[in-house]
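By letter and in written order, the chains are A, B, C, D and E; residue numbering begins at 1 in each of them.
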Amino acid sequence: DLVFPSLSYRTGAYASGGIPFADGYADYMTLLNERDGGIGGVMTRILECETGFNTEKGVECYEATKGEGALVYQPLSTGITYQLIPKVTADGIPLHSMGYGRTSAANGKVFSNIFNYPANYWNGASLVVNHLLELNGGDIKGKKLTLVYHNSAFGKEPIRTLEELSKKHGFELTTLAVDHPGQEQKSQWLQIRRERPDYVTMWGWGVMNQVAIQEAANIRFPMENFIGVWWSGAEIDVLPAGDAADGYKAITFHNVGDDFPLFDDLKTYVVDRGKAAGAGDQLGTVVYNRGLYAAMLASEAVRAAQKIHGVSDITPAMMRDGMEALEITEARMVELGMPNFGPSFKVSCENHGGPGTGAIAQWDATSKQWSLISDFMATDMSVIQPLIDADSAAFAAENNITAGCS
Amino acid sequence: MFPDQFLFGVEVVINGLMAGVLYALVALGFVLIFKASGIFNYAQGVMALFAALTLVGIMDGQVPFSHLINAIFGTDVHHFGWHVPAFAAILMAIAVMVGLAWMVQHFIFRHLVGQEPIILFMATIGLAYLMEGFGDLMWGSDIKKLDVGIPQGGSFWIEEATAFLGGSNFYGFFIDQLDIVAAIVAIVLVVLLVAFAQYTKQGRAMRAVADDHQAALSVGISLSFIWVLVWSLAGFVALVAGIMWGAKSGVQFSLSLIALKALPVLILGGFTSIPGAIVGGLIVGVGEKLFEFLIGAPFLGGATENWFAYMLALVFLVFRPQGLFGEKIIERV
Amino acid sequence: MNAMLDDSSTNETLLEVNNIEVIYNHVILVLKGVSLSVPKGGITALLGGNGAGKTTTLKAISQLLHSERGEVTKGTIAYRGQSVSGLNPSDLVKRGVIQVMEGRHCFEHLTIEENLLTGSYTRTDGSAAVAADLEKVYAYFPRLAERRKSQAGYTSGGEQQMCAIGRALMSRPETILLDEPSMGLAPQLVEEIFGIVKDLNEKEGVSFLLAEQNTNVALRFAHYGYILESGRVVMDGPAAELRENPDVKEFYLGMSDEGRKSFRDTRSYRRRKRWLS
Amino acid sequence: MFDQAESFVTADGRTIGSVMMEMKNITLRFGGVVAIKDISFDVREGEIRAIIGPNGAGKSSMLNVISGFYHPQEGEVWYKGARRPEMKPFEVARQGIARTFQNIALFEGMSVLDNVMTGRLNHMKSGILSQAIWYGKAEREETENRAVVERVIDFLEIQHIRKTPVSRLPYGLKKRVELARALAADPKLLLLDEPMAGMNVEEKEDMSRFILDVNDEFGTTIVLIEHDMGVVMDLSDRVVVMDYGKKIGDGPPDEVRNNQAVIDAYLGVAHD
Amino acid sequence: MLYRESGDFSETYKADSQTFPIKFDRYRYYAVLIVAFLVIPLVINDYWANAVLVPFLIYAIAAIGLNILVGYCGQVSLGTGGFMAVGAYACYKLMTAFPEVSIMIHVVISGGITAAVVTVFGLPSLRIKGFYLAVATLAAQFFLVWLFNRVAWFYNYSSTGQITAPDRTVLGYLVTGPNTEAWSKYLICLVFLTISGIIARNLTRGSMGRRWSAIRDMDIAAEIIGVNPLTAKLSAFAVSGFFIGISGALFFAVYLGAVDVGESFGIQKSFLVLFMVIIGGLGSIFGSFAGAAMLVLLPVLLKNILVGALGWDTALAAHLEFIIVGALIIVFLIAEPHGLAQLWRVAKEKLRLWPFPH
């Protein structure tokens, strides 16, 4: 069988995001089994392991599951990703950090086993700035942008790019750290209230998101000027603040809602058969969709690997090749029942990072729905690519890796 | 501009005071249990979480243990389909906390009478694990919204009334209404609890138990009764804290971590002093907010709140080892 | 002369301990079959050297062993004919049995007065009666009245001893288990305290079971005595008879045939106790 | 300064040396409570000096002043002919003053042997590295001091409980172990706070013998607090009587026992 | 009589004060060493090394360190996580600054640096006691984590603030980095643990150990009989810090390979190690081993049973795991408050008396 380890977290401070993602990931695999009899005739198997969003437990999970023929890891945590990068490389297993993790892993010449398509945090940072540019007719010189970030590897990731971008566009950047878990943010928001930045962006996760949005509402910060990263843009993040959250924005690299043919299949084959991983009421929510999307990308990579190597029951090494040869086209997306759900792109050895495109979503508190308010747009690779090259080169030097494609 | 800076400072102090009250609410529970049993109850934070979870669960008509039930019987139950009004739900939650108090006493601490404090402390950490797992199992680990009708958000009235104090950069004092409610509740609680401990027979018995279990037993005080009583009180205080914090940030796992905010408050005020909890809370609240405002954020890169309270308490204790109002440690040979 | 004849005690037995065995920590056997009885209205002394098991016996009666990891593994204890096993200490206090523990055990952080008031915890006869008794205790121990507002932790050993006894009195007991009341007290105070014991016994009919090292004083005030050694009762009898027993005289009263001998002259050869074969 | 260097002979023919320690006008207060009021007395080399007085008179407080645990507000302590500056208790201990406590203060978590060994800590100086590898000085020192301690253990006849945790010992033996710990330190001056409280006559006799032997054989000076008048009168060379923090009598036992103030305040009846 | 002590007399004081005065115990100890050094490395695999043995060895070192402080000297510390972080960051800085020096030396120096830091945080213990001190040590915990998170110099200005262990070898074999073999990880930790165990034992049986225990049992009395509380307490903090630092260094360099300070050395770690010490037995070196073994194994076992064998979903299993771990801790404390070491002693005592009940 095809083993997909799922390093999930259904407990702890980040369970609110961990649960729907893991459910989406699992449900898609179940759908493939139930509807198609697996991928290429081989059944899929989800191997769940609880990490609690804790790096140490993540490593433990990795060690415990890798022996079972795990094809690809999706740890859903930047911290765990950092831990696993050397390990998976040594063990020859691919890792997919979708929209998180080490940004410079986009350079496949150095990070042979790490993939972070279709977008990463530096794309995210650029996306936010692009949006601001758009709002201001292309000129944000002198504007004040504040970054509220989770004080961890994850939250620090965009700072470098934002700094570069602030140099380039002349806006003023302030950063405010929020320590795990982010229950208490009063002083950060008092400071924001005092300094009245024009825009606030947030790299948050878990309870930090709700508290931030609630506090923003409390100080009556204009929600449309508050833009979260894609991990800070779920329903559960905005719901507690009620109507006050109306207008809050978040970036995203895939589409929202449940208006896709795929969901009909999910209902028939998974939910109605009682095989859903969760309660089955999360379908179409932002993070659930992201889990689906990740699973879809994984299964497509399996198909690619099966095609390349001509075997159905593939190994992790073959999976890696499949991922590197992955090509997503809109036509294929339509076939999969997910038209316009995500970008079309092609992975290569040089580029493990995908197209780096994204869109802006906005929350409507009355209908309690997210909707896209922009197209999927490209990000400023002229700033990002040099950063990626420099960072990966440093990593290569540090670890005696000779960059290159075999 | 200087005056604005100053007014912002004042605002920080006010908000610090308010934050302190919220810490104090948690610290109070610690003090109660410590006073009556010498038990340093690390599980106080988890109790707040558990109480809030229970309250939300009852209000929303959630089926307890639905996850487990569904897993075992393959059913698909989640809600009873009714909603309980806040007031009734609070009463029911109190009943649950009293039940919990009884169980804690009956199954755990009854068997640990006379053990060293650190053993008891460890047992409460075990209890924290237990209750955390139990609460999650019972009500699920997703975030829940708690709304018992407490107003929230900045008080416009105060903002507008004070806006004139500063220049165009000053928008009036920001005070969260929730914090105001919390402050009132906390003060009432402290007054009632002090009266209880100092002037009632049970309160005196409680203090006696704290000093010497054996002697308390010998004069006929029932340890079990006293302990169930204080654990119930602590459970009630935890519920109040859980409501306040839950209204702020939703009811979810991280609520249990507020215990960590209460600890420096506790040692600052003194483990055994009920008023100490509130005064300690205020000092910590103001101290950490001011420090962040004046030094932390501008010079140290922020996020100093996690450790500042502890450092403050530490420095303070060096001068007064039993905290502000703690009972003097009697050292005789 | 038999002391039993001229005292106020009756033939009614209040407390009956029958052949009990006590083990600490599952392994340390401390009492190896102790039997004794306390008559109503009597002062019964429990004598014996260090580690003989006096305290253990008292705790076994008052049900305080449990919290020290000790348990009664054999034998029975009955108060007024009813078994006390399974009761908890507060039930016993309600039935009128209270223990004054060895080593005082005052509540350090409570004031003397609060300490005394805790003694009335189990009473239900209203605060006026309690207040009256408080005054009575102060009358017995004027020293306590002086220090009523001091924290007990800061009072001297003697004051704490008075406090502990006074606290027990506050429960209006029928029987007091008194563990080493004389330890560490000045001679005058020892007399005083025993005088009070006697008073309570005669005027209020309180029965006492008294564990003491100070055999001399104990036998002067008690009606009946048991001598405990290594967890066994080795001798018992009316106090007056025990006082005249040559072994008791030599080993417990420090008297030789020529009267009291000086502590300077004790390094001589000693006779073995007869009951230690 | 009077008869500082001289020695004199007691009633029963023992020779007592020169002044070893002198307390001058000591006053000790705790908040409002005056525990010691302007008390002076001296202790001579080789004597057994008793302090008696009713409960709460301030006897233990006086010992605590001597051993540096309490610092009097007024007055001076003279030791070995020099004024002693304010010292930490452990510094006092290093000057050769050891003591026992009224409420037994043994180290409950250790065996008898280890407890007595703590008495020798001031004689053990090996460094942490040597101890870590347990070689050279550390090991030698341990063996040497162990030999000293074994002598004390033999002397006090507690060989059989050497390895027993002290928490399991009965009261009387604990008191003896405490004495052993103090003796192990090789003190010049030994302070005993109610060493015989809670003992029966037989045990008091044993204890008396030990105290006398220590005094005789090692010439250790002893300050003794005790409530058993028999013991005090028999053992001590001179007695200080305290009452409510004041000194009400000082002199040889016979003199004190007939002092009316002492009888009123303490003895109740004249003791034979 | 299955277990015997009688007939086994020591003839000298030296023999009497050795670690295992009883022959039977001594032979068992040698047997354990032989298995640990010669047998296990041959059969160990990745899973056993990473999930069980290596963490056990490293935690055992930390537990020994904490036991010296809490169990022997009676100073409760909740700063262990932060102190381990000091060891880890010291080791990282040393490894990257002096790549040519052997990692063994780096680990030892990290221990020394941690000892110094811990001693500074131990200073308040001269005034503050009991739980006040315990809570006050949390200041160290939170401050250190914040510091390592905040000051970029500590993590060599890496963009994420994480630190990653470069490859290092001992005697030509890799001991750090992702390509390390299971047996070499295991052995290097074992060497450190064995030496730590021996040193700790030596320190605790001599005058140093008695000073600590005296302070623990009754600090006032200890001072009056001549123990300088300043040096006694601070030396306990220092020695404890030394071991904790070593374990932190190994934890980072050998076990995890990369570390995010807030997550790997958070307050949970402090509690975990304290648990090991208490469940194992305060004031017992053996207890430190037993406690570490138990708390490393327990979750692995539970996970394997609940998820692996019973096939429950992970959320349910995680909740149940919490409940079971919590309940077990409580049950243990109730059954034997003095820990596994005491359980073992009582068992021996019973065996000695066997078949007689008393």
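One rule holds in what follows: contacts are C-beta pairs under 8 Å (C-beta built on N, C-alpha and C of every residue); 3 or more make two chains touch, one makes a residue touch a chain.
In this text, all values refer to a predicted model and were calculated from it rather than measured experimentally.
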item: Higher-contact pair (C-beta pairs counted), C-E versus C-D; value: C-D
item: Chain located farthest away, centre of chain E as origin (C-alpha); value: C
item: Separation of mean Cα positions, chain D and chain C [Å, integer]; value: 30
item: Between chain E and chain A, distance of the C-alpha-averaged centres to the nearest whole Å; value: 38
item: Geometric centre distance via CA averages, chain E-chain B, whole Å; value: 32
item: Distance from the mean Cα position of chain D to that of chain A, given in whole angstrom; value: 75
item: For chain A, residues that touch 2 or more chains besides their own; value: 10-11, 19, 151, 179
item: Interface hub residues of chain C, defined as touching at least two other chains; value: 154
item: Overlap residues in chain D, where contacts from two or more other chains coincide; value: 60, 69, 101-103, 105
item: Interface residues, chain E side, partner chain D - complex; value: 12-14, 16-17, 199, 202-203, 205-208, 210-211, 213-214, 216-218, 220-229, 235, 239, 283
item: Residues on chain B engaged by chain C in the complex (per definition of touch); value: 113-114, 201, 204-205, 207-208, 210-222, 272, 327, 330, 332
item: Footprint of chain A on chain B - complex, ascending; value: 8, 11-12, 15, 19, 74, 76, 78, 136, 141-143, 145, 152-154, 171, 174, 176, 245, 248-250, 252-255, 257-258, 261, 288-289, 292-293, 297, 301-303, 305-306
item: Residues on chain E engaged by chain C in the complex (per definition of touch); value: 346, 349-350, 353, 358
item: Chain B-facing residues of chain C, complex; value: 62, 64, 66-68, 88-90, 92-94, 98-101, 105-110, 114-115, 117-119, 121-122, 151, 153-154, 164, 167-168, 171
